[in-house]
Amino acid sequence: MAGVANTWGYGAMTNSLNDMRHAQAMIFIGSNAAEAHPVSMQHILHAKEVNNAPIIVVDPRFTKLAAKADEFVRIRPGTDCIFIMGLVNEIIQKGWEDKEFIRTRVAGFPEMAASCSQYSPEEVENVTGIPAAQTRKVAKILATNRPASLTWCMGGTQHHIGSSITRAFCILQLVLGNMGKSGGGTNIFRGHDNVQGATDMCVLSHTLPGYYGLKDGSWKHWCRVWDVEYDYIVSRFKEKKWMNAKGFTLARWYEGVLGEEKIEQYTPIKAMIQWGCGSNSNSQYDRVVRAYNKLDLFVIIDPFPTMAAATCTSDNVYLLPCSSQYETSGSVTSTSRQIQWRHKIVEPINGCRDDYSIMEELVKRLGFADKFYKNIKEVPEDITREINRGTLTIGYNGQTPERIKKHMENWHTFDIETLQAKGGPCDGDYFGMPWPCWTEEHPGTPILYDVSKPVAEGGLPFRNRFGMEHTYEMSGRTENQLAAEGVYNPGSEVKGGYPEFKDVVPGTNWKTDLSQKTLKEAVRRGMAPFGNARARCVVWTFPDQIPIHREPLHSPRPDLITRYPTYEDKPNHFRVFTRYKSEQSPDLAGKFPFVLTTGRMVEHMGGGAETRSNKYLSELQPEMYAEVNPRTGHNLGLRDGEMIWIESPEGGKVKVKAFFTERVDEHTIFMPYHFGGVLMGESLAGNYPAGHAPYVSGEPANVCTNYGYDIVTQIQATKDGLCKISRA
Amino acid sequence: MKKILLSGLLLFLAMTGLAIAGPPETLTAAYQQFNALFTGEWQQYGQLFTGLQKDLFPRLFLLVITIVPVFFFLHYVAIGPMSFPHDGKQVYCYTLFVRIIHWLAAVSFSLLVLTGLLVIFAKLLGGGSLGIWARIVHLVTAVIFSASVIPMFLFWVREMLPAVHDLKWMLIMGGYLSKEQKAVPAGKFNAGQKMWFWLATIGGAVMAVTGYFLYSHQGNIDTLRLSAIIHNVLGAAMVALFLVHLYMSLAAIKGSLRSMISGYKAEAELKILHPRFKY
Amino acid sequence: MGRMKFLCDIERCIDCSGCVVACKEGNHIPVGVNRRRVITIGQGQPGEKSISVACMHCSDAPCIAVCPVDCIYQRDDGIVLHDKEACIGCGYCFMACPFGAPQFPGGQVFGARGAMDKCTFCAGGPEETFSVKERKLYGQNRIAEGKVPLCAAMCATKSLLAGDADEISDVYRERVFKRGSGANAWGWGKAYKDK
Amino acid sequence: MAQRKIRNSSSVGTTTSRVTLNPKVARRSFLKLSAATAALTTAAMTTRMTAKAASPAAVKKAYPDSKMVRSVCTHCAVGCGINAEVQNGVWVRQEVAQDHPVSRGGYCCKGASAIDMVTSEKRLKHPMKRVNGKWQKLSWDTAMDEIAAKMTAIRDNDGPDALHLNGSAKVSTEMAYLQRKFAAFWGSNNVDHQARI
């Protein structure tokens, strides 16, 4: 998401699922929507059937989505960036780019075009394995069918160059001029039901809610929202410098426990609360397990015992049964940025408590309840109101609990094509008031950066977030970052680019003005509070200013490592030393000849604690397996259905059933990552509380996923590791 | 029988092989593949089974259990049972072991027939748990019968081998159609008994195999369909011969029941019915 | 009264098993019994197709013909139902069925099959409508509520259609027409797509 | 189920059995769960066999006095609507949200079994902790007291950064906000959730 946010302002799906009905072409890369987001397929197939929109699926694996594709492009894992930049190059070479869009709304285009010219279709073929003719064909399809919608998921991001890959996707859409248009956009399908909401609330170690960051000004803003003295919060930290330092991440927190890598923190991690978070989605899972057993205190809060409860055999582990989300209420943000109210269906089942009351009990005992709950009396509605008050950056302020509930009650009044209510109490609103929703009268923004609508009716330009002008290192050219003359939303006072709003209330800007006068003023003048700028192709704060290809840390192509080397090692990457150059070695591919990639299956979800505890879903998918191409299997002397060991270079290994299928090619092994309850061949069924072990168990694929983390976000690289296989 | 079963199986395998050869290229091809996967060559065995079960089997059994008794009733009235003096010399024909095995087989077979008919005519009795229990009893007795028929086969198989004089016996219908007591061409066992023996043992084995398929629902669907057809046709034949055996032992030959209890047969009887028997 | 039918649009089926679980969860079907199942052909290869199949509620249903206890019957609207209390579990309907629809839960004495179970088109059984007994033996009776069967109602991509034959064939015809035409005149999308 | 998929639908390898809906096929690799069905009581056939069909006039309510609660599926980010039918405080069935603008009543297999999240037998029903390697039940108050005391001790001895909180993308936005706020009040930036990976 960081890559997307740094391109045009916000890191979220730009259009909506329903809007994909208007696409003239759809390209999916690293997304298996048919399994991960099955219901979205009704809109996707609608576009395919009614608009005759070609579906292009780029994936290492012939997925169930690929079965619906018009063009299936089999790509080597981890080479998405070069393929997309190759497409961009091909489009520019043929002159198919949207020149007017680029002139008026895109920054850094010549620099980017110069950089990507190195990726000819032939070079793309050499690196990715995609025939040059197919790259050309895809470029032609995209050029002749506009607008095209681009979708990616974890297959595009879980690489050590994930932030470059996501930017490449954005650049492709900018070059084609597909942004801010119905039927176009970058439609990033989020995984969990409320990833968007939780990300917006920034349960993240590098920022405060609403993507405010960790700067002093951000802390002061939130202290004002919380109605608590800034000094009090400072006093809660060890020293003030730790307030501004990014914390450990979910991907590598365990390094803080194990002490095997150099960490940049005054103390190792000794206690851990895992709240609604299945553990077996972590790569190098065997190391995570070691960390669990080294903790002084480990609290698991979940409706079902997660695999963590079974792997941690030391005392000091607590299991708190919280209720499911159907037994509590609150808002939830879907991938289309729509906010819906999840009503409580039944009371928490006997013995369980909902999340809010667990939090309340904990905070009470830790002694800061009065400050923590200062403005929160009615749970959860008052919390929503506090969010409305403070989260100005992404326009979470118009979605009051009352409005969200009103939308839920009247969901039948919304039009399926536009998601706009026709008449009724929500007349004119877009379903779920997709953020930004600047005021309580604002209908929500169904399509980000759409300049064809007035701001008050859901239009927006690109965000001015990165200054007024910039001089590029590579060309020495200086470019104005604001949008060109003539690009504005209907009714805007300024008929061109303009900077973000500030000092409407003196001393504040649109992000920190709690009175929200700035937002209202901007909307009144028909302008976006965050300004009107260009989307950037060059992100000068990133290690790669323009997306370039770098071979995966564990590359199956040693010959390409010198040409496309990885980054230098990064000593303090979210408080932990992270290896890049010292990890990449040309010798590895000889010993570990297969590429290991992971993914979802439709029957299970995440770590699978919920779905493997469901008897019907367990019945449908009762076994862990690894997909192996029959040719590979037979060459290794294996039989279909036989048990095999899969080993990673880090020493993690799993014993799984070989499933021969041509879904994967001869160099690739695929495993679903939902299973748990078995570790390196040993069943942990006895470690669950009696009677609560899930119906089915299997090896977690992530024991085998390799070392490797994104240079910017530290997302784990689970999709392009190496492995070897042998008969068990 | 087994050959038919086997060839059916092979045919089926060949068909499955065809059915899953590669992905479909057109919608029509896809529909054809789905048809092959699901319904298979339903036209071949499915339709055959449906037709037979719908029109033939219940009527066949009804015919067997009505016509055969009626025929015997007429025989009993018109010709009457054979009767031999039992005060003469007694010949020890059946050892105790043979008799125990025979009775085990007899009781279990009777139950098999009874429960089998219960299933076929369950409609008249309302079905439900009665039918389910009939099937369970059918299974248990089938196991007992199978167990008892193996020793029976072993100790009688030599005497049961067909001989030329059996043809003559068949031509005169064993002499049962006349009131006159005249020696018929037969060894220890006459042709009728031999028929019954072979049907009960080999036929019984086939019934056991097909019955196992039907009960367990193992194997592919066409095997099940063939099994059901064979089980029914063979079953009807066995019920018919069972009734014959029942009539002979209980009514047609006075005292034959006693011989299977005591093991002794009257020499007078043997002279007429089993003259070639060297005791 | 129309004729109730199922129609699975294989161009849309994505093998998500939503129909399978909707049926099981809604009707409390024991594990191991599949009133409905999704089958895939050509898995992992271009041309992969999936289809969702259950009892098709045939006209002249072979199962009705072969049942030795006559426990299977057809309603006026074409839905084929059966009486579980009369069924003796002989399995003949399974052998007669071209679609392999009838299911037999195990677990009886000596592994005997219990009464047959199959798709009821969410129309319950011969018991009193909405009675506890009907719900326990056959599941929901949504037809009596005026609702479509769960599998079709919950189909993720609206691939599976259920209902009055005329209506669903209209829906399907319209889809086929649109696929051939794009949004404009018939055949244009295919014929003149690249100008 | 790899095995089933191979057997039923793969065109690679050898297949020896035709696809049927035969329960045996599913049971073979799933013995653990085969549920027993009670023997049915006997009943003679009666006139119940006569065909019956519902006419619109006969439409009535399957669950009298039930109410519909609108909610959202908890599995993926599509945000499918859920219509939950609740009778006397019990979620009796999941009704189809046919008019939801995004999902139009559609569910995948996970969403279709939403009710199982509440009814699953595998749900935990007591706070537990490990004592000498064995799970032990304890009351909510004791559990929370012990956890809070240990957290305070760790904070006093090692500092607030000795705690890491892994929050969730499966809770409501409000709860996610509280998780982040909690980390701030606790005095650490060691907080993260699944969006990272």
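We call the chains A, B, C and D, going by the order they appear; numbering starts again at 1 in every chain.
Note that a contact is a pair of C-beta atoms (placed from the backbone, for glycine too) under 8 Å apart; a residue touches a chain by one contact, two chains touch by 3 or more.
Just so it is clear, the structure is predicted and the values come from calculations on it, not from any experiment.
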Comparison of C-D and A-D (more C-beta pairs in contact): A-D
Chain whose mean Cα position lies farthest from chain A: B
Computed distance of Cα centres, chain D from chain C, in Å: 25
Centroid spacing, where centroids are CA-atom means, of chain B and chain D in whole angstrom: 55
Between chain A and chain C, centroid-to-centroid distance (C-alpha), Å: 38
Per-residue multi-chain contacts in chain B, two or more chains: 20, 22-23, 37-38, 123, 126-128, 130, 132, 217, 221
Junction residues of chain D - those touching two or more other chains: 5, 10-12, 19-20, 22, 26, 30, 33, 39-43, 45, 104, 106-111, 113, 116
Multi-partner residues of chain C (at least 2 other chains): 11, 16-18, 20-21, 24-25, 31-32, 39, 41-49, 53, 69-71, 85-86, 94, 99-100, 104, 108-109, 114-115, 156-158
Sites on chain D touched by chain A in the complex: 1-3, 5-6, 10, 12-13, 26, 29-30, 32-33, 69-82, 84, 86, 89-91, 97, 99-104, 106-111, 113-114, 116-118, 120-133, 135, 140, 143-152, 154, 158-182, 184-197
Footprint of chain A on chain C - complex, ascending: 11-12, 14-18, 20-21, 24-25, 31-32, 43-50, 156-158, 175, 178-179, 182-183, 189-190, 193-194
Complex contacts: residues of chain C adjacent to chain D: 1, 16-22, 24-26, 30-37, 39-45, 53-54, 69-71, 73-77, 79, 83-86, 94, 99-109, 114-115, 123, 126-127, 129-130, 140-148, 150, 153-158
Chain C-facing residues of chain B, complex: 20, 22-25, 27, 30-31, 33-34, 37-39, 42, 46-47, 49-50, 53-54, 58, 119-123, 126-128, 130-132, 134-136, 139-140, 214-217, 221, 224-225, 228
Chain D to chain C touching residues, read off their complex: 5, 8-12, 19-23, 26-27, 30, 33-37, 39-43, 45, 48-56, 58-62, 93-94, 96, 98, 104-113, 115-116
